[in-house]
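Below is one structure, written out as structure tokens; comments come after it.
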Amino acid sequence: MCGNGPWDSLLEREVTLTKKKELTKNLFVLSFESQDPFPGIQPGQFVMLRTSLGMDPLLGRPFAVCGTGESRLELLVAVAGRGTRILCSLPERERLVLRGPLGNGFPPQPGKRVYCLAGTTGIAPFLLARQQTPKIHVHLGIPGRGWGGLATWAAERIPGLCVYSEDSSVGIGGTPLACIDQLEPLNDVVWACGPTGMLKAVQTACERRKIPCWISLETRMACGIGGCHGCVVRTVAGLRKTCTDGPVFDSREVLWND
Amino acid sequence: MIDRPVSSSISIGGVLLRSPLIIASGTWPHEPEYWKGPICSFVGAACTKALTLRPREGNPGIRLWETPCGLLNSIGLQNPGVDSFLRDDLPKISSGDVGIVVNVAMESEEETAEVLARLSVFEDRFLSMELNISCPNVDAGGMAWGSDPVLAARAVDLARQCWRGPLWAKLPPQCGNIAEVARAVEEAGADALVVANTWLGMAMDPVSEKPVFSRNVAGLSGPAIFPLALRLVWEVSSSVHIPVIGCGGISKTEDVISMMLAGASAVAIGTFHFSDLGCFRNIGRGLLEHLAAKGYSSPMDLIGKGKK
Amino acid sequence: MIDRPVSSSISIGGVLLRSPLIIASGTWPHEPEYWKGPICSFVGAACTKALTLRPREGNPGIRLWETPCGLLNSIGLQNPGVDSFLRDDLPKISSGDVGIVVNVAMESEEETAEVLARLSVFEDRFLSMELNISCPNVDAGGMAWGSDPVLAARAVDLARQCWRGPLWAKLPPQCGNIAEVARAVEEAGADALVVANTWLGMAMDPVSEKPVFSRNVAGLSGPAIFPLALRLVWEVSSSVHIPVIGCGGISKTEDVISMMLAGASAVAIGTFHFSDLGCFRNIGRGLLEHLAAKGYSSPMDLIGKGKK
Amino acid sequence: MCGNGPWDSLLEREVTLTKKKELTKNLFVLSFESQDPFPGIQPGQFVMLRTSLGMDPLLGRPFAVCGTGESRLELLVAVAGRGTRILCSLPERERLVLRGPLGNGFPPQPGKRVYCLAGTTGIAPFLLARQQTPKIHVHLGIPGRGWGGLATWAAERIPGLCVYSEDSSVGIGGTPLACIDQLEPLNDVVWACGPTGMLKAVQTACERRKIPCWISLETRMACGIGGCHGCVVRTVAGLRKTCTDGPVFDSREVLWND
């Protein structure tokens, strides 16, 4: 954990935005370069990203890592509000600050077939997973043609990607949940990442079919390192922190917050 | 001007800290790796999350809401209870090299007495005990204790009887007259004052058309409140003789210098390290450079200098 | 949901405004070109700089200090006096199409009575008179009037006797119990409350090692204080029956919606237009879009809705 | 004052940072491009510049205009504190917001010889003046070699520029004040821009020699348009606003604030 960056601890570092690629309106792939190499990153682990300019927005924003190499890191960022709008408006060469990798990724599944179900930007961890273990099966759901740019880009990186769209305008009509019906409880596991509504549906479907299932949660975060108690989620084991106990949880444990 | 070595250490009513930078309560992980090594090299002490007698779940619903240069929180004293803290957390955080300030949330007098009794067994493990009479995020107790001179004195008086070590009282920013509360607390035997906690704020969700937080109000922290906290420190430090620890929105070296010039003996930093873990180091180094440039030998030379 | 045309106009205790966005006192030039045309197209009314009986120079030394998402000011009621205002400024600003709210700084009772008598001659030129019992930047009068229910009632009572038009009272954010002050002011005959003014803050200059401002303290405004002002509006609007105008740190459409959901009938915007002159238009347009999307026909549909 | 930019009033507009040139450490020439043309700008008039990203720093920063064309505008910006550090760290292509032109420039002096005395970045208005009236005489003072980059760059744009340095490392030793001794009260006028200390010295010297003299003041500003009363300066005519009554004042009128 020691280096010679601006902070001895490489938990947080300055990075340069080296490339910004717009996949479709309000959806970007941001590539960063760091002076120091990144440690090994598990799919599902995330970073918190902020600008180094002013103090507004104050907090970093959490994003799953979707690609790495040596001292390079890639994020898939959708404009969701003020913070992401600012992050996505920065020009290349801008310097930012990145904290991480944080949290626990999806647990390795030796001997099992892994089905990854993604809702829109929820594809991010599976792009990384595919980089590391090519034999996973990835199913991506999008609302419709507006997100087609994401599907095209992801399909280039994940040959065999199954794309679903709710309005049937791209790929298969419907959602990735459809594939759960074909899975085998003893041989298959599900990894899911996407909006909370989708995760709940995946949870229910896997529960019903007794398919082991891991889900990556999204909660508001201030610190990302377990200090603020802001990111808790109700589980069968009581309140757990999404940032350090998750963001990936066994879906049977998650009771949600509402 | 003679070149003397500059030390960053300070003393708060007899408690020696290697730096005037304290990590504010409720913001730092109770994990061993955060209580030692380079990440803490400019940290003088760290406060624990507030403890209560029994475990508390804290508040339901949304707990965090970013505001311009600030953060609203409604954590609501989530903690495992004093026994679990002593058993599981204390050994972990004691293994580091950072002094521990144990933060105790004022509950009923009986509960608080009991918490202090159990902590007293480990008194030597703590630099001091910070009595939190200023939490805005709970219904019973919390801020109400600190908003009134009589109640505040009663709380500190009780704590004084149950705790022999150094006792700091953490005041709420909103009370009719903070100087009066401060004087009452000093008289009741506090060794230092922490000025202050988060400020009562609120957020609305334009979509659901409801308050964001389950308790409607929440506590505002972060750089946004710095000028307000500085004014309180200026006012309180002129009204009491015990040391004041400035807290609220500190994010840069100038903020620490300003707080100390206004009368603070040390400062506590919370929200800003959420966005910048390097802040302790940057602020600490900047402080040493400033002291050297000004020809001071210790940060203590700054305390209250802005009043003259 | 029927598609009805959305109007942005509102009524504050009988005073009709074409938009709930008011320009806050002391922030807008008294020059004719700023009181008409596109720059004002979403502005419901504008408040004048505070007036006093005699001309005032205001405070010496540094008057502005930027803080994180905020601004400290110590202008100190600089103004040419009521007579000069009526002679030179009023004709200029009356030539526009923006309603004028005349802001009067509470001085001694005699002085204030005299100011109001002179203004009364031109009563029909003003949408309303805003009695400022909350200025933190003067020694005599100012904030002291608004910090105590008895004094606040006395000030409003006096004004009520000297001014027959609509009377708004502008409260300070720091008073022991703002709800009590609000109720006292309501009873004394105010037609609406402005909640609130700037917050008492401070800045230190690390180089000179002195407070930045000649009066040590100064008033904090700007986005930093928004969550704090929102909480006050929520609290006050539950305690009185007269309309509340939210003021403090408003910078975006969501802020206006939040203030109105919390109980405000309109809002005043000051500091943010210093950095963004387009804010009235952006906020105004955003508000209309929001109302249309929610199926409302008027911003008045939002008032207090967040309490239900 | 009407256009079709983001605001009807062109008093404030979005601009793009098209070029950033570092003259020397912490000193930059920033070039901006606007969608709409700028009105005629007088030397001494200024703009307020801010980023369009977050709300921190909150306020725009005032800078004298040092060059214009059609829809192009140039500023000479020294890093003085937090705001200017951020402005100068932005990469090209960043979008910013600019209010202005504001204030009153140096009054035209038909039939007179104009001597412009600049302290470091105080050269900015005279670069513009020179663009408009080539026969002015410009004298630039800098502390020493550290500012050599400014002198070299300015000399390219102002042939005949007289450079002074306090430590005699560049150009003539001393300060531009030296030239005041040679001026003729009836034929010559002085325009000065630079740090307050220098302006006071110029004021005194011109007073003594009865040379008409205009000085451009620097005060803290929030609005730049006469709304906030934050920028006042004490004059023989009472308090005046630097933003709308100035920033250029007849030096005989200025009493300063201390």
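We just call them A, B, C and D in the order they show up, numbering each chain from 1.
Everything that follows uses one rule, which is that a residue touches a chain if its C-beta (ideal position, glycine included) is under 8 Å from a C-beta of that chain, and two chains touch if they have at least 3 such contacts.
Everything numeric in this text was worked out from a predicted model, so none of it was measured.
In terms of C-beta pairs in contact, the better-connected of the chain pairs C-D and B-D is C-D. Chain centres here are Cα means. That of chain B falls 34 Å from that of chain C. Chain D has its Cα centroid 49 Å from the Cα centroid of chain A. If each chain is reduced to the centroid of its CA atoms, chain B and chain D end up 46 Å from each other. Counting partners per residue, chain D has 55-57 as the residues that reach two or more other chains.
Residues of chain B in contact with two or more other chains: 68-70, 222-223, 251.
Chain-to-chain contact here is organised exhaustively, every possible pair of chains being in touch. Those residues of chain D lying in contact with chain A across their complex are 51, 53-57, 86, 89-95. By the touch criterion stated above, chain C contacts chain B in their complex at residues 67-70, 72, 174, 176-177, 199-204, 206, 209-211, 216-218, 220, 222-228, 230-231, 234, 249, 251, 254, 257-258, 261-262, 290, 302, 305-306.
Listing the residues of chain D that touch chain C in their complex gives 1-2, 6-9, 11-12, 50, 55-60, 83, 97, 99, 220-223, 225-232, 238-239, 244, 257. The touching residues of chain A, counted against chain C in their complex, run 55-56.
Listing the residues of chain C that touch chain A in their complex gives 68-69, 223.
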